[in-house]
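Right after this note come the structures.
Across the two complexes that follow, chain A remains constant while its partner is chain B and subsequently chain C.
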Partner chain A sequence: MRRLPVYLLLDTSGSMKGEPIEAVKNGLESLVGFLRQDPFALESVHLSIITFDREVHNILPLKDLESLILPEIVTPDSGPTHLGQALELLCELVDKEVLKSTPDQKGDWMPLLFIMTDGKPSDLQKYREMIPEVKSRHFGEIVACAAGPKVDDQLLKELTHIVVHLDTADSSTIKSFFKWVSASVSTGNRSMGAGGDVVLPPPPPQVNMVI
Partner chain B sequence: MANTIKIKAVDGTDIEFVNDMIGQGGMKDVYFSPDKTYVVAFFRDKQDAVAKDRLLTITGTFYDRIFKQAGGDYWKDLYCWPTKVVEWNGRLGIVAPTYQKHFFFQTGSRNNDFLQIKGKEKEGKWFASAFHQNKNLDPSEKGDWYKYFLICITISRGVKRMHAAGLAHSDLSYKNVLIDPVSGRAAIIDIDGLVVPGKFPPDVLGTPDFIAPEVLATRHLPKEDKSRKFPSIQTDRHALAVMIYMYLLRRHPLRGGKVHDADAQKDEELSMGTKAVFIEHPTDKSNRPKLSQVKPSYFPWADTDKLPYTIAGPYLKQLFDRAFIDGLHNPSMRPTADEWENALVKTVDLMQPCQNKTCEMKWYVFDNTTAPKCPFCGTPYRGQLPVLNLYSKNPKGMFSFENHRLMVYSNQYIYQWHLNKNISPNERLTADQKKPVGYFVFHNGKWVLVNQAIPDLKDMDTEQEVPVGQMLEIKDAQKILLSKEDGGRLIIVQMVNN
Partner chain C sequence: MDRIVFPNAKEKEAYTYIVEWGKFALSNIGEHYFEGLEAIGLTYDPATNAVQGVPTKPGDADITLCYKPSEGDMEQLITKTIHLFVNFDPRSLWTEHEPPADAPYYKPHTEVKLDDSGAKTIVAASKRGRSHAKEAKFRDDDFEAAYRADTGWYVITVADGAGSARFSREGSRIATNTVIEHLSLAATSGDLNELEAQITQFQATPDDITRKAIGDTLYNTVGKAVFQAYKNIEKEAGDKQNVVKDYATTLLVSVCRQYGDKWFIGAFWVGDGGVGIYKKGEAPKILGETDSGEYSGQTRFLTMREIFEPTSFYKRIRFELVDDFDALVLMTDGITDAWFHTDANLFKAEKWDELFQEIGKEVTLTKDNKEAHHQLLQWLDFWVKGEYDDRTIAILF
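After this line comes the complex of A and B, so read on.
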């Protein structure tokens, strides 16, 4: 059985403290709960979580859904948003963890990447350096979620054409974002349309898709 | 509290639903009626006039064709067939009966339902995967092997009936069939995508794992291209074969070790499409599972040497060969749903309960050897095993062998369809015909057949008639007449001793 590696990059900078980060924690819990109830996802999805603020941590190393335990997420009171550095760690992890096909062995599915942030990358130069690196890793899909009014959608669009904008970073919008992530990850065994490729499900109504 | 919405269906009848979505399918949002006896499901996307016409036909003409015939009620348990078309706020929807209670998990997963699936639908995928069977499902949800044969019979029968009406399901998969291994029941759902050749073209290609090779191989062609293949009755036959294989053997017949491309997506398309090879192909062994690459949680089912498809018995082996070897890339060779139903019914007569009380599968198919043993736990059969070879009376009055055998076990019932070749165990049976007519029991060290309702029962060796209420001892090489009528059966006993 091929694995479907799913990487979540979550902004834990100071501005996320309080309601937004609580919503992220709840969102993660329901994401895992939802995917565990889907026999297809349960057999294939492996989850990895990277948090970024001043520091970058792989708080959940790539793990199958069945046995993973969601780690504690903490936010500093204030500080920068090192998204560039997070992407660097991501690339290292992908190189190390994602199984490539060889003539003798089937590899993993192309990994999925979801990024959620409420601010601008503080390490802008690093961020721009990492963009081509991330793109060369062949993700199946990269979805960036811009939560709240302070995010610069244009900067995220340099990384991916799928930028979802949440007008506010409150619990209900963040919840709907995680619901949408669940739906995207579990489309694997849905019926395929007669038209073309499998596409992402439509985003929830509260979310604006920036394309 | 969510409010109740009252609308009129297209046919003018009243429909109510609680405005609180209970679930989302691939294309529809689903709501309960206030009494939860039916659901209303609205398409999320705008549907065109063709789609509406299709739904009206499915709920009208096709519904009548299947349900409004003699014995039509039989099918109500086998399908979740949409009954009405509705429109609300510009969205098109259907009304369908609520799934029956046994199709929802009672216990769910192991360890106090650690996955929290209690109360969720028993989607077939849970049971078609060795991983879920081994690691996740609570033992009380799993049923025994016999039940999976009953499930496959029901699914085959349901598909057969649709095909007989000229309809193709077009998206048969373990997602669109609910099964209950506890009782051995199954129901086909998501019928709104029905394809009628020449009238309604398909709007889905099917679900990965079940899409026929020719459909995947031609999906890059434009829709108008003559060589493009779409779901049809023939592709349903592929999906049905895959489903039966998966429910009985808990692995996919085409998912083996062969790598066709370094890109996972392309590899997938090739290994399910143009380059598909049966993992148990007798001569082309290129796609055998590579056991060193399989996780322990998939054993022993992943091991095709330990549990080859031949454990499903000779009748099914023949059909699997046709489905996955001869007919894999040659759709006209594929077995029909009717053939699957018959082969499965005959296979049930070959089944023996495992003598190991703790055997997980509890049943196995007699392998035609003189030293049968359970392929799952390895327990050999001990004692006398009567094998009944069935012969039936042809119009010339001769009895000819039918390649149909019945393995006897204690407390096994026999039915009308064992007495006469012209009676088949299917939806056309009357309530009377479903009653057993006799049973076998191992009594005081002897095998006997107790006659409950076989008027013609006679031991042909001794010319002794056995009236109803009496019993007959079963011996090796004995000839027993079950019915004098046309198609009536004669048994020749073979006693296997171990």
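After this line comes the complex of A and C, so read on.
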């Protein structure tokens, strides 16, 4: 079976505690619930979740939609946002997990990457070091979501041209972001037949694209 | 773990899970039962701790555990929510829809052909994939085949329109039609007649020179037909003010004829899918190379200019001279991906034996079977997870 690997990088730093992280959990549940009713996704999407705060964890190793069970997400009371370190782990995982076509194996579809954060990377130097590394991994698409007023959109734009900005990090906007991710994964899955670019659906109303 | 989560189940598929109470910090469980299991088709046996059955209802199951700890004499039962997700049967999610009535380039969802007028029989079938059915789109695959009784030539071609190109269904139709039309004429007008002498020479001295002579003849006949297919697509695109890329399609062509006690088979190949000569128990002879990229879904199409660069075009032409064969097979990637999975498997004898064993369960490949094409169409419904493309196969046996 050909897999569509989808990597989610989620900010679990102290500032996400409370309503935002609850919204992320709900968002993940609706994301998985939605994709499980889409036959394209059900037969191809494999999901991996990496959380980052002071520490970085691959809380859900790459797993098919049918059998995955969403893990519990915890947030520390306070602390830094190690996005750079998360990107480093991401690259390691992609190198290890994403299959390329060879005579003896069928390659995966190009992987998708979604990043959600409500702050600035605390490990800025590492973050900048990892940008070219991530770009060389040939993601079908990279979407960064900046939730709340504290995020520096420009820093995320160094990583990808698709940065969406949520003015607030409350449950309704975060929910709308996950809806959008669902739609992107579904569409992306279908449009890659001829090796073309991934087509993103138009963003939902609460999400502002940063141009 | 505080949350009690059971492994996911699947609708209509047998499920067994032995509950490990320790895992949920409930090693001390005493009297207990579940509420809501029967409603989704499952039962629980407290003696073995086994939850089993065939789930009938997909989605999040509503199940509650009611229990008392083994120690102490608690009066009230404690209740806990059980998390169990039942996956949807993918077959129920793949719904079928009709394309809009005013969509250009109508194409029927299935097509079959049986031609037993020659010494060998041509049988072919093509079917819209479940992805196109779900999205209310037409089939992108196409095929065409002919036997010329006057010259003894069999000509077979299959094509797969690119998923991302708007009118690729017409591209594949034009390509296959043009090739058959052109090669039928070439076959009669004598362009292929030189082959007989060339084959005799090749058999006497099989070297690069005699091989090249045959290659050149194929280049000037099969190659010309392929180029004409490209020209016809270009013309259609121009007439309708579309771009050629809108009609992107792969193309596999094969010509076959008996000379004395040998069979000659020539082929042209651009894109994915496959052309192979099968003889039971032997490694298949594959007449070309799959165009594939690093990631899934990447291939080359007839509509790409680079295809017609002479050296690379010449490499796409192959031929074989064999004593006899059980089947000559042309198929689109809907079959090769689902059946062979990898490029290397396409060369394995056991994979081909399995393929013909499976086909044999639905289709009797004998000359007197007048239903072979309909049976082959039935066979195309075989289910492989993640393989939902159009499927086309043409067999000469």
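Everything below uses one rule, namely that the second predicted complex is superposed on the first by the 199 of 211 C-alpha atoms of A that agree within 3 Å, B and C clash if a C-alpha of one lies under 4 Å from a C-alpha of the other, contacts with A are read in each partner's own complex, and residues count from 1 in each chain.
As a convention for this text, a residue touches a chain if its C-beta (ideal position, glycine included) is under 8 Å from a C-beta of that chain, and two chains touch if they have at least 3 such contacts.
Bear in mind the structure is a predicted one, so any value in this text is a computation, not a measurement.
Peer 1: Just chain B (first), just chain C (second), both, or neither: which does A:2 touch?
Peer 2: Touch status of A:2: both partners.
Peer 1: Of the two partner chains, chain B (first) and chain C (second), which one does A:105 touch, if any: first, second, both, or neither?
Peer 2: both
Peer 1: Return first, second, both or neither, reflecting whether A:77 touches chain B, chain C, both chains, or no partner chain.
Peer 2: The answer is neither, since A:77 touches no partner chain.
Peer 1: Once the structures are superposed on A, label A:69 by its partner contacts, choosing first (chain B), second (chain C), both or neither.
Peer 2: A:69 contacts chain C only, not chain B.
Peer 1: Would you sort A:37 into first (chain B), second (chain C), both or neither based on which partner it touches?
Peer 2: both
Peer 1: Identify the residues of chain A that lie in both the chain B contact region and the chain C contact region.
Peer 2: Correct list for chain A: 1-2, 33, 36-37, 39-40, 42-43, 66, 100-110, 190-194.
Peer 1: Can you check the complex and tell me which residues of chain A touch chain B?
Peer 2: Contacts found on chain A: 1-2, 33, 36-37, 39-40, 42-43, 66, 100-110, 183, 188-194, 202.
Peer 1: Can you list the residues on chain A that touch chain C in the complex?
Peer 2: 1-3, 33, 36-40, 42-44, 66-69, 72, 100-110, 138, 190-196
Peer 1: What residues of chain B sit close enough to touch chain A in their complex?
Peer 2: Spelled out, the residues of chain B in touch with chain A are 24, 26-27, 44, 115-117, 120, 123, 125-126, 129, 131-132, 135-136, 171, 173, 175, 193, 201-209, 211, 223, 230, 257, 259, 261-265, 267, 290, 293, 295, 298.
Peer 1: Mind listing the chain C positions that touch chain A in their complex?
Peer 2: 3, 5, 7-8, 10, 60, 85, 87-88, 90, 93-94, 130-131, 134-135, 162-165, 248, 292-299, 301, 337, 341-344, 384-388
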